[in-house]
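Note that subunit A is present in both complexes that follow, paired respectively with subunit B and with subunit C.
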Partner chain A sequence: MVKRLTPWILVVPASLLVLLLLILPVGATLLATFADAKGWAAPYLAFFNSGFRRTVLWRTVEVSLITTVISVVLGFIAAYVVAQMPGRLKSIMIIAAVFPLLTGVVVRSFAWLILLGKNGIINSALLALGVIAEPISMLYTEGAVIAAMVYLFVPLMILTLSGVLEGIPKDVLEAASSLGAAPFAVFRQVILPLAMPGLIVGAVLVFTGSFTSYATPQLLGGERQMMMGTLLYQRAMVTFDWTGASTVAAIMVVVTIAIVLVMTRLARRLNPLAA
Partner chain B sequence: MTVSLTLDSVTAHYGSTQVLKDLSLAVAAGELVSLLGSSGCGKTTTLRLVAGFLEPTSGSIRLGERDLTRLPAHQRNIGLVFQNYALFPHLSVRDNVAFGLKQRGLGAAERLKKADAMLERVGLASFAERMPAALSGGQKQRVALARALVIEPPLLMFDEPLSNLDAKLRVDMRVEIRRLQRANGTTSLYVTHDQEEAFSISDRVAIMNAGRIMQLDRPEVLYQRPANSFVARFVGFENLIPMRVSARDGGAVTAQTDAGATLTLSQDAFGAIPDRFVLAARPDGLAVTRAGEGRPAGIPVTLGIRTYLGRAYQYQCSTPGGDYLGNGPLTEPLEPGSSAILSPVPEQCCILPPED
Partner chain C sequence: MRTSLHPALTITASLIFAILVAPLFIILGAAVSDTSYLTFPPQGFTLRWFTNIFEISAFRTTAITSLQIAMLGTALALLIGIPAAYALNRFRIRLPSWLANVFVLPILVPEIVLGFSLLKSVTISLGLPVFLVLLLGHALLVLPYAVRVVGASLASFDFSIEEAAISLGCPPLKTFFTVVLPNISAGVIAAFILAFITSMNDVSVSLFLTGPGISTLPIQILAHMEQFFDPTIASVSVLLMVLTVGVMAIVEATLGLTFLTK
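Now for the complex of A and B:
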């Protein structure tokens, strides 16, 4: 009896933690949005009736998608190169890729302020070289946010993909070329399909990460490039509009879940091994 | 279309380590040649050079009239069967077989037809829709074989194709590989560390050691007439006795072991005997008889453990110059610890050049 219960007893602490710290607060937040005096849909109607907030939502989706696509491409290339390296060099490169993760998000976003600012390193360099006459304003643009987020998430992508790419047996690739597949055909017909599961997992991580990011858009996008995370903060902590904040949170949860579902569906479709 | 494969003084390095030393090898059109040796002898390196996964430092590789030496792997048109099958895990059995045809630009309908016909030939027609993960080891290797054969390559290469299969299946697959290779008359290079496998499947076998071919010949010749001590040891000549000729009297040669034991050997029976040589014999080739009057001259030994073999007794024989294994008749069992005489049986012995 005790033996059969042991596994259940062991999952109790973790389950309580998830229940108390995740499900209850998220549930309470969602419930709060339906408690409006003007009807349960009122906060949502208010959200979608506001052009500004629709823009914020759309911008968040757009920035996250662009970040994801760029991170996937850059991460794939880097992981592919790393996977080809001999053992020792490979470990060094992986450590180098992961190194930025050891500092906080704020610190890493701040680094971009120093790079992109009016008197930042890039502007100073370009001015000194005479390429430009006036400093370009790069901060508080969508580009700045995307650049910083790609920088944040590429290590994650490299980590996910290098494992997957390393798991592709070398002789499978050799078999492909012995059968007449040119390097690009090997990539497209063997490496890419076999890396697809890792690619999708990485993409989900990057998308949810950028979609819910706060510090980076706050620091590098400012008011002008407001994203859902910053909007949420503003609603809750500046205007004390708790229902509005909860609505933003609810929409973020729904969009994230929807995107993750679509991606896992896609993963199942594209993952040949599951067939 | 059958062509020959020629390797001409090929040298190869991994980093700064030389792994192939001036290796030359000619596989005749339609012939199956095995490269046999323990790990690290260079057999797999040779195969990888021919496949194009490795570039030789010097020398040339030709397939018929075509120079392969600097050709990229995907342009060589060689069918390869790997030890770990190396099937594409994301493709069905049929698509695995059709992969090479697809690279050759064949239309979908034709690919299907050819792949299915080839699967039929290897007895896997009903498995075409399966994924590789749902196959047994033997089935996987048959798919790999079909995949290599379907592109109708002028050269087939096998890299230890049976070492992941169990014993019974190994023999079946061996026969199957040989049957398909014969039927197509495809020139083949077969890498293995298993002597029985190499000898049973090959027209000729190259025994390799330390990046060199020690002897390349028909299995019968290798087994009965090894050319040097390495090959002799490899094919089971357990007794290698270095000897020096001390006197010649017409056809009769008197020679001594390092420990001073004297043998008189007839050149009529043993063939030409150089001044220094190694007498190589399996236990069968050294007859153990009781020491005493009227017995043939031989190496005096003290007998150790006696083993019953069914057809003979085998004895461990110790001498001051080293230990040997010899066989004695069932009619005359000898006791451990007693003295005996070892005499070489001419037709079971080989005279080899001395080891350096």
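Now for the complex of A and C:
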């Protein structure tokens, strides 16, 4: 009897933690948006009827999409070069990617506060070169948020993709070139399709990470560039509009889970080695 | 894979890596600037911003809280996560296949939603102490590392070694500690390091779970930045980066940094 129950006894503590502190509380947050006194869809109508909140949602989608595209391109180039480097140079490049990744989001966003600030290096350089006469304000713009977010996610992309690219067998590439494929054709017809599943997984991580981020939009976007994360915090802790905050939370959960489910399925279908 | 590299690609990649590292050196420069505002390149040289950290008691107390939460939260996650990872691998046929997905949920649900929901349903509705909810929230946040990273180690473990020990009369629990655990130690170390760093750096979950008198270092840094724009935060950041370097040295010594690309 005890023997038959052993597997369950071992998984129960961890499952209970997830059930009691994640499934039930998050479930309660989602349910609260349908149990409003003004009718079940009222919180969502309120959200989408508010021009301000719609702007926040579209801004979040836009910033996340731009961040994802730039991070994928930069991450792919860097990972492609990492995969071809001899041992020593490769370790240096990996260290250069891992170090920012292990440094916290607050510190990394803060770095961009110094870079883009009134007394920051970009303003100092532009002033010294005589391009501008007065320091320009680059903080609290959409560009500042995107720059810091790309900085946040490129290391993640590099590490994800260099693992994927390392895994591509050398024989396949040699076969393609020896059969007469030009370097670009090898890239487009062999490397890219083989890397596609990893690319999609990385892109999903970047998109959902950007979509739900708080610290970066808070520090570099402020009130002017409010995004879903900062809107959720503002609704909950500044205006104490808990139904409004729960609605923002529900939209975040739905978007995140929908994207993860659709894209991982797509990644599986696109895997040429699985077919 | 190895093909010939176009110089333009190498140059672009070098630039990307330079831009990844440069901002962190800029923080170092800003931390020693003898100005009352954040600036780079630094003007003059001073260490007073470093001594200033220790004069602000909030940094000291929140750093201690962060270390406690990261240590205890990671320990708790490993304590319940390792048995779960073991069961999921060892008894794969006897457990339902959806069970493994339960432990992906903390990654799937946005952290900020988790923090907000814990505040609403646990801290306020159940009235649990702030420190306890913060600790449990962090344990939940890092649980996937314990289950998945240790699970990856267990997936390549040959369970027939364990059966051999048991059939030779070794009690199951002793077998786990003397036969299984030594063979998955790399996974346990990796899970510990990733979980610890994640917990130390977390903002989104802690944001809602800190209360009067109890806060974590990243939240304290955010709060300080909203009031002051002096180099104190730069010097705190430098100390945190020193901690990161220490962690990387441990990773390199125990597992090798390349394990992070797998």
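By definition in this document, the second predicted complex is superposed on the first by the 266 of 275 C-alpha atoms of A that agree within 3 Å, B and C clash if a C-alpha of one lies under 4 Å from a C-alpha of the other, contacts with A are read in each partner's own complex, and residues count from 1 in each chain.
Operating definition for what follows: contacts are C-beta pairs under 8 Å (C-beta built on N, C-alpha and C of every residue); 3 or more make two chains touch, one makes a residue touch a chain.
All values derive from a computational prediction rather than experimental measurement.
In the superposition on chain A, contact is made by A:Ala111 with subunit C only, not with subunit B.
In the superposition on chain A, A:Asn119 makes contact with subunit C only, not with subunit B. Of the two partner chains, neither subunit B nor subunit C is touched by A:Asn49.
Touch criterion met: A:Leu22 reaches subunit C, while subunit B stays clear of it. Put subunit B and subunit C next to each other and count what each touches on subunit A; the higher total goes to C. Looking at the shared chain after the overlay, A:Gly229 reaches subunit C, while subunit B stays out of its contact range. In the superposed model, A:Ala181 lies in contact with subunit B only, and not with subunit C.
In the superposed pair of complexes, A:Pro169 makes contact with subunit B and with subunit C alike. Comparing the two interfaces of subunit A, the one with subunit B and the one with subunit C have residues 169, 177, 183, 186 in common.
Against subunit A, the residues of subunit B that register as touching in their complex are 51-53, 72-80, 82-84, 86-91, 99-100, 102-104, 131, 133, 144, 147-148, 151.
The residues of subunit C lying in touch with subunit A in their complex are 1-6, 9-10, 12-13, 16-17, 19-21, 23-24, 26-27, 30, 35, 37-41, 79-81, 83-84, 86-88, 90-91, 94-95, 99, 102-103, 105-106, 108-114, 116-122, 136-137, 139-140, 143, 146-147, 197, 200-201, 203-204, 207-208, 218, 221-222, 225, 229, 233-234, 237, 240-241, 244-245, 247-248, 257-258, 260-262.
Listing the residues of subunit A that touch subunit B in their complex gives 169, 171-172, 174-183, 185-186, 189-190, 193-194, 272-273, 275. Residue ranges of subunit A in contact with subunit C, taken from their complex: 6-8, 10-11, 13-15, 17-19, 21-26, 28-29, 74, 77-78, 80-84, 91, 93-108, 110-115, 117, 119-121, 124, 151, 154-155, 159, 162-163, 165-166, 168-170, 173, 177, 183, 186, 191, 208, 211-215, 218-219, 229, 232-233, 236-237, 242, 245-246, 249, 252-253, 256-257, 260.
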